[in-house]
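Presented sequentially are two complexes of subunit A, the first with subunit B as partner and the second with subunit C.
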Partner chain A sequence: MLWLNLLLNGLVWGCALGMVAVSFSLIFATTRFFHVAHAAVYGLGGYVAWSALKHGLPEWAALLVGIVACGAVGALIQKLLYERLDRSGATHLVILIASLGLSAVIQNSLAAVYTSNVLQYGLPWGNRTTVIGGALLTNTQMLTVGFGILSYLGAMWFAHRTVLGKRMRAVASNPFLAEITRLQPRQVHIAVMAIGSALVCIPGVLVPLDLGLQPFGGVPILLTATIAVIAGGVGSISGAFVLALVIAVLQNLSLLVMPGEWSIGITFGIFVIFMLFRPRGLFTG
Partner chain B sequence: MDFLTTYIVLAEIYVLLGLSTNLLVGIVGIFSVSQAAVFGVGAYLTAFLLMHTALPFPVAVLLAAALCVGLNILVTLPSLRVSGDYFVVTSFGIQLLATAVFTNWTGGTGGANGLPGVPAPMILGHEFLEPTEFIALTTIGMGLGCLCFWLMMRAPFGALLRAIREDELAVAALGKSVLGAKVSAAALAGAFAGSAGGLYATFLSFVDPSSFDLDASIFLLTMVVVGGARTLAGSVLGPFVLLALPQILALIDIPTSIAAAARQLIYGLLLIVFMLFRPQGLLGEKL
Partner chain C sequence: MLRISTIALALGLALPASAQTIRLGAVLPLTGPAAVIGMQEQRGIQFAVDEVNAKGGVAGHKIEVLFEDNQAKPDQSVLLFNKLVDLQKVPAVFTGYSGPSLAMAPLAGRKKTLLVNGGAQADALDKASPYLINTIPVLAGELDVLATYLVADAGKKTAAILFENNAAGIAGRDDFLGSFEKAGGKVLAQEPVPFGDTNYRPALLKLAATSPDVVFVVITTGTPQLADQVRQIDAKFTVVGSTFFSDPELIANPNAEGFTHTQVLINAPEGMAAAFKTKYGTEFDFFPKQYYNAATVVMICVEKLLKDGKPVTGENLLAALKEIKTFKGLTTTVFNTNTAATQINMNRINGKQDNLLKVIPPK
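Our next item is the complex of A and B:
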């Protein structure tokens, strides 16, 4: 039953990837530039929670501290860096280079403070297993699935039912019209960056719970999530989440036929081919 | 003295890479973060040819450059279909894919251990062993690269590339081939990166994946941004400034465990500061 285990692992991993994809989708659809430093914010969340935990906070509080810290950092990045560049009429290329620089700054600060060795949370309950319907799941995996589904539903509710969510979608679909109807796109951008960054802290803590923390771990994950966002159609939260699940399951099932170190290569190989033939995503016209 | 020579040799190799990156990112406006991957392929192929065949050095470098021309066209092709931000993701992906191949294909690349013992270049019976001799090779390489770049920028072809960056549609409407121009630019950038790889592998007599990873690509980008995008002077100045930086850092007392992180951190800061306050770099044009 190897394939069943792989399928399950894929679904669990897909929920984590889905959270990253949903958070990135909110940001990318609204601000429209490639926020590479999101990978670094993902890494930051894990380390902040780790520090909070080592200072004696309970698990839930540590996660909360991480979420708040990431949200604040996201808002600051938008306010102090991207908005400033945008006001000075910078092109997307300039913003992208700055974002790349910021990503290097955050990740290497983490590496300098916490060393680039793998850090473990050391929470024994995370590895305890429960049997559900014949399948063996660890507590960490169940938490990931739970948070993944909650995050997806939460993001859908936020985008479609709240005033801020509606403003966000208005800004995403037509920034100029949003500006003249006083929806204040700049404020929306800051809010969305805060929410997206706060959300990415959850997988940023849950994934290292299993695999350990690494300062540079976020880049491949963000890129895989970005593939899901693009393939699912930019702006579609459901598309991003579903595609993240699909990619994660495929990556895991591919272990049946080839060694694991090639899976990221194969993922990007398929993505390049996909971009050549269907650059607008699956769920858009 | 040897120390200074080594610095100049490496900087001259990086000038070729700077030209390659500048051509794609600055002049044509294709945001590529995978130039280090192409550089790596050039280095590995040269190393492989010199270690396992009897090909003379110039032929090996030419073969490596030719392969990189093809490869760079291939990795730049998606930019014709997808625009801007989407291509960046593709480009990141190509870089990660290349790192995976360099690290995992133990048979061809020696895996994480790399390929030690690349023979020194031999031209007409003379072996270039010392940095003081090698400097002749890299200076010629850099000179040729700069000459190509300078001639290209003066030629109508250079104007065409800059026009494509400003308004692709207008160029197409004038009946110019956007595809042809982009492919030629990618080919030239590939030749620069490939020959830089050949020089790099033979100079250090060792290649390993860490010289060609994502950080290396970001370093190339930093060089172009700091020196100044879109100009020859910028591409030449950038490598000389940035390669001097680790030497200056060595003077400050930083624990060795965080030295690498500190260096990357400074490159990142430079990117941000230049984008905020001087997007044209030291000697470039506005991005």
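Our next item is the complex of A and C:
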């Protein structure tokens, strides 16, 4: 049953990765800023929730505090940093470097305040397991799947069924036209940064609940999520989520036929070849 | 004089705080994923130095350690080593982690600067440079003890290996593989995990599928998460490892029940451990103890040179170390070669305690 265990592990990890990819996709497709500091916001959410929990808040309230804090930080980053740089005529490369700098500031501040130790939430219910078709899943893993699917469906509903979502898609599609038709792209950017940042807090809490909390833990997951966003087709929420699942499942199942040293290299090698044939991604025409 | 000071400061050259102060260097990971250990190593050195300085220093000379952060990166370590040796003229540099230590080792030989490793255990460190001394045994010695115990005493005949994919992890894997098969056991499978990654589940599942008696683990961080994940997959094997399992958080984890490991012996008096905890708010665990010991070894060498009226240079420190040979620090540290020999114990974690199984005296 090794294959089933690996498949389920891949799907769980894919759901966590999918939430990061969807949140990054919302931001990147709308603002076109390569928001590297998203990795730090992911980490920040975990630490805020951890602190709230240690101050006696129940689990759901701690998660909510983290979500609100990340949303606020995301909006502030857009308003105080990216928007100012954009108004002053900074290129996207300059904004990327500013984002990298901000990421380093947030992550190193987290390390200074909380130490670089791998922290644990210490919630015994998270580690309890259930047998599903011969494979073992922890409560945290099942929550990750549940929140992953809900986040994907929620993002789809937001983008296609709400006024703000429609404005976001219009801004993403044609920023110039959005400006002259008074869709107020700058306000949309702030709203999308807040929503994307709030969303990334969910995996920012669930992944450390399973694997421990580290100040630099967001970097590798964001890098993989970025590949899912690009290979899925920039702007496609479904593309980002599905490709995140595919990458995670491939990484896990590849262990059946090759040692772990080769797993990541070969998985991403497949994507490099894929991009040669579909450079605009899977879910775009 | 003012002009000279100004020029020196402008060039980034710090003037000595006092003519009496002896400066040493340390290149350790103080930020990044490895900082959890690097900061403990830093505290161990500083604790030993503060203790000596509070008593008037070494033969009347205060000791100061200049710490540099390498984030456990070999390339960064080389730059920082050059900075400390060329600009600050330090005669000795403390180091940790195998990759950075191996990167600095050739420079230590070329610049005749004593490089003092108190925590890394890759075998290549043993003969990396005549100027690199290891105040902790390299992993080969420890894993030889572990493999012999597992096969001869515990009757474990098959093993799998989970290793961190870096210099220390690969060396550990190779050492265990060689020692276990030499002792009469068979290694069925091996899987790497990236440094800093705490998601061990896929690798553990793959190793468990080969049904080994034991899984040998060589990772430097995330051992409590490993214990949780071993329990979650309902593993039938025993987890075995080296001194890295002496993490207090792992020992306190109920899921680490039965974990068996070697332990390089190092003990601290109760009062000292309490003073350390009061000062830094963390336990005086394995790494600060090792670096306290390493700092003590260096300061004993400095004291000998000062008493003999010799300048404190890297070359003279090395000569003094070879002459003194046996150091009574937190543990008896004997330098028959550049790598110290110390007592190694076999321990098993039971009931949130690290219990002694067997004592193996130094060869």
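Throughout what follows, the second predicted complex is superposed on the first by the 261 of 285 C-alpha atoms of A that agree within 3 Å, B and C clash if a C-alpha of one lies under 4 Å from a C-alpha of the other, contacts with A are read in each partner's own complex, and residues count from 1 in each chain.
To be clear about the criterion, contacts are C-beta pairs under 8 Å (C-beta built on N, C-alpha and C of every residue); 3 or more make two chains touch, one makes a residue touch a chain.
Please read these numbers as outputs of a predicted model, since none were measured by experiment.
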If touched residues of subunit A are counted for subunit B and for subunit C, the larger one: B
First (subunit B), second (subunit C), both or neither touched by A:L6: second
Partner chain(s) touched by A:L255 [first = subunit B, second = subunit C, both, neither]: second
Touching partner for A:T130 - first (subunit B), second (subunit C), both, neither: neither
Touching partner for A:F271 - first (subunit B), second (subunit C), both, neither: first
Partner chain(s) touched by A:P220 [first = subunit B, second = subunit C, both, neither]: both
Which of subunit B and subunit C A:H92 touches, first, second, both or neither: first
Partner chain in contact with A:T115 - subunit B first, subunit C second, else both or neither: both
First, second, both or neither for A:S103, with subunit B first and subunit C second: first
Subunit B versus subunit C as contact partner of A:S173, first or second or both or neither: neither
Overlap of subunit C and subunit B interfaces on subunit A (superposed complexes): 108, 111, 115-116, 220, 259, 261, 264
Contact set on subunit A toward subunit C in their complex: 2, 5-6, 9, 13, 108, 111, 115-118, 120, 127, 129, 136, 138, 211-212, 214, 216, 220, 251-252, 255-256, 259-261, 264
Subunit B-touching residues of subunit A, taken from the complex the two chains share: 32-34, 36, 81, 84-85, 90-98, 100-105, 107-109, 111-112, 115-116, 215, 219-220, 223, 226-227, 230, 259, 261-262, 264-265, 267-269, 271-272, 275-276, 279
Of subunit B, residues touching subunit A in the complex: 25, 29, 31, 33, 77-78, 81-82, 84-86, 88-90, 92-94, 96-97, 100-101, 103-104, 214-215, 218, 221-222, 225, 257-258, 261-262, 264-265, 267-272, 275-276, 279, 287
Contact footprint of subunit A on subunit C as seen in their complex: 31-36, 39, 165, 190-194, 196-199, 201-203, 205-206, 209, 221-222, 224-225, 228, 231-234, 249, 255
